[in-house]
Amino acid sequence: MSESFEAYRAERARLTELVLEEGTKTTKRFFNLDSAIYRDGALPARTKELLGLVASAVLRCDDCIRYHLDQSVHSGWSDEEIHEALDIALVIGGSITIPHVRRAYGDLEGLRETNE
Amino acid sequence: MSESFEAYRAERARLTELVLEEGTKTTKRFFNLDSAIYRDGALPARTKELLGLVASAVLRCDDCIRYHLDQSVHSGWSDEEIHEALDIALVIGGSITIPHVRRAYGDLEGLRETNE
Amino acid sequence: MSESFEAYRAERARLTELVLEEGTKTTKRFFNLDSAIYRDGALPARTKELLGLVASAVLRCDDCIRYHLDQSVHSGWSDEEIHEALDIALVIGGSITIPHVRRAYGDLEGLRETNE
Amino acid sequence: MSESFEAYRAERARLTELVLEEGTKTTKRFFNLDSAIYRDGALPARTKELLGLVASAVLRCDDCIRYHLDQSVHSGWSDEEIHEALDIALVIGGSITIPHVRRAYGDLEGLRETNE
Amino acid sequence: MSESFEAYRAERARLTELVLEEGTKTTKRFFNLDSAIYRDGALPARTKELLGLVASAVLRCDDCIRYHLDQSVHSGWSDEEIHEALDIALVIGGSITIPHVRRAYGDLEGLRETNE
Amino acid sequence: MSESFEAYRAERARLTELVLEEGTKTTKRFFNLDSAIYRDGALPARTKELLGLVASAVLRCDDCIRYHLDQSVHSGWSDEEIHEALDIALVIGGSITIPHVRRAYGDLEGLRETNE
């Protein structure tokens, strides 16, 4: 798992660099905005990561779930808190989200093992 | 606005009652589950409302946004905190969410006026 | 309810006629194909209406739900059978489909009253 | 029709103003970006309007379709060109887009009458 | 093909077990509900599998399509009946479902070979 | 990259053949319609490819993006024009499309290298 996680992080970094090098000013502005929304503001950054996680889960984007799961663990959210957030995604988004929630549990297990 | 909000609440209540009267056991179990996920647990109920709001916004469901906006205001979230949550929905879900975010701002204005 | 159902049917018919008059050959071919898939074949037409109903519900299209609900009632499906089909949509599609399922129950009630 | 179009434009303008007054810096930056992508660049603005129209149609956002239809007509696209663009949305997005395509034909008829 | 199908079944089973072990009571209740909707009731279980297949196809979830295809074959649906169900998904969901329908035909071929 | 592109093209061709051999008349008619919409008409074929690309990107279908990217390059669209089209998809569809846009940039790089 941590191996595939590493591979995902590396490929993600390589392609993001490519987009930022090749893309237009608008592309860059959009990527900047996408970072800006997760910074501390009226809401703390860690709450925003959880919002990002649930939004990614209901929209069924594995890459996005993975990213926000990683950030959520680093922000100090416990497994139980993350499971409750995923429950919300599961019930709002329905059983069509199950394959993504299953993979999220697998990723979470991997992330905890790596950090031990 | 508060008028249309009242009409929405009444119609919503009437139809929910109809579903719970007519539907199967499974229908009822699903509706119960949909209430259960927003109760206090490892995460406080008010955080869960915000998660519900963002999930509803990226999935572009006006009725759902309206419901969670109402709950979020009653949970004590400030306008600024709600705006930051909606920013996350806006950037994750894209400009296709703008009509819904616009209506959410309209609803929020109406909710604040009603509560004054 | 039956009034709004009538208004919906009339507007639907007016606009369909406009599309078929103004649209391209491709537009017409697509509309023909969309009728063809609900005809008796290896699967009976009435089973296909139920498939259309569930697909419309998980995709959250009120107009499409309404149309297939109307057809399903005319195909002789009972309320209980339709409720079980909607349960599948509810659990697969999640609570984001609730507003649509609520309206479907309202429409179904209206359709039964009209037919009495 | 042109009446409902006027009402839609007025409500849209009122709520956009509210969002820009009340929203965060991020909200404003996102709205700016959403205007920037339709300006002349390597691709002419009018081609971009057509891209916006098809994207809005497959994502089934009536408000967005309406906006880009209005812009597409003002950019000089003929009915036939717009119908072919909508055919692409219809076939890619499937019959679930039909209610939106139907309304787009109705709007287009209204827009042409207003401009005569 | 049957090899990848086996791998998919094994990984699916491993992760489902993990979710049920680690998840909350709500998670378990949702998984139970997701099994309950496919049991014999007013509608027979085999009709419900077909409803699940079409819903999964229009929502473009490969894992879900695979699961319901497997169940549909075991419920005794013929290839021709399954193709007609997939036609409904194809026309309702549009050409964006083609990659999933293509993989479904590949899976179906593999399932038939395995069962011979 | 060009290797994975070749593998994708071969698997795509194999499965399309399977669908056309095994599928119903309706399946074939739908596939024909899906080819027809990209031919020269009131709008030139190359504009239609760009419309197909943006629709595929906002609907987040990697296979479809890949196909239309390939066609767009063969139609003579420059990198800059394609980047602007992808910007529209990015802003309309939101950051949930980023993983797909990232892969599109990777594919585009591979396509240019292959053609040199």
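For this structure, a couple of remarks:
In order of appearance the chains are A, B, C, D, E and F, and numbering begins at 1 in each one.
Keep this in mind: a contact is a pair of C-beta atoms (placed from the backbone, for glycine too) under 8 Å apart; a residue touches a chain by one contact, two chains touch by 3 or more.
Predicted model only: the values in this text are computed from it and were never measured.
Shared contact partners of chain A and chain E, listed by label: B, C, D, F.
Among the remaining chains, those touching chain A as well as chain C are B, D, E, F.
Among the remaining chains, C is positioned farthest from chain A, on the basis of C-alpha centroids.
Counting C-beta pairs in contact across C-F and across C-E gives the higher total for C-E. Ranked by separation of Cα centres from chain F, the top chain is B.
Put simply, the C-alpha centre of chain B and that of chain E have 31 angstrom between them.
For the pair chain B and chain D, the distance between mean C-alpha positions equals 27 Å.
Per-chain Cα centroids separate chain B from chain F by 37 Å.
In chain D, the residues that reach two or more other chains under the touch definition are 24, 26, 30, 33-34, 37, 41, 55-56, 58-59, 64, 80, 83-84, 87, 90-93, 95-96.
Residues of chain F touching chain B in their complex: 58, 90-97. Chain D contributes residues 12, 15-16, 18-19, 22-24, 26-27, 30-31, 34, 55-56, 59, 61, 63-64 to its touches with chain B in the complex. Remark: chain D residues 60, 79-80, 83-84, 86-87, 90-91, 95-96, 98-99, 101-103, 105-106, 109 touch chain C in the complex.
Against chain E, in their complex, chain C makes its touches with residues 33-34, 37-38, 41-43, 47-48, 50-52, 54-56, 58-59, 64, 78, 80-81, 83-85, 87-89, 91-93. Those residues of chain C that touch chain F in the complex are listed here as 24, 26, 29-30, 33, 36-37, 41.
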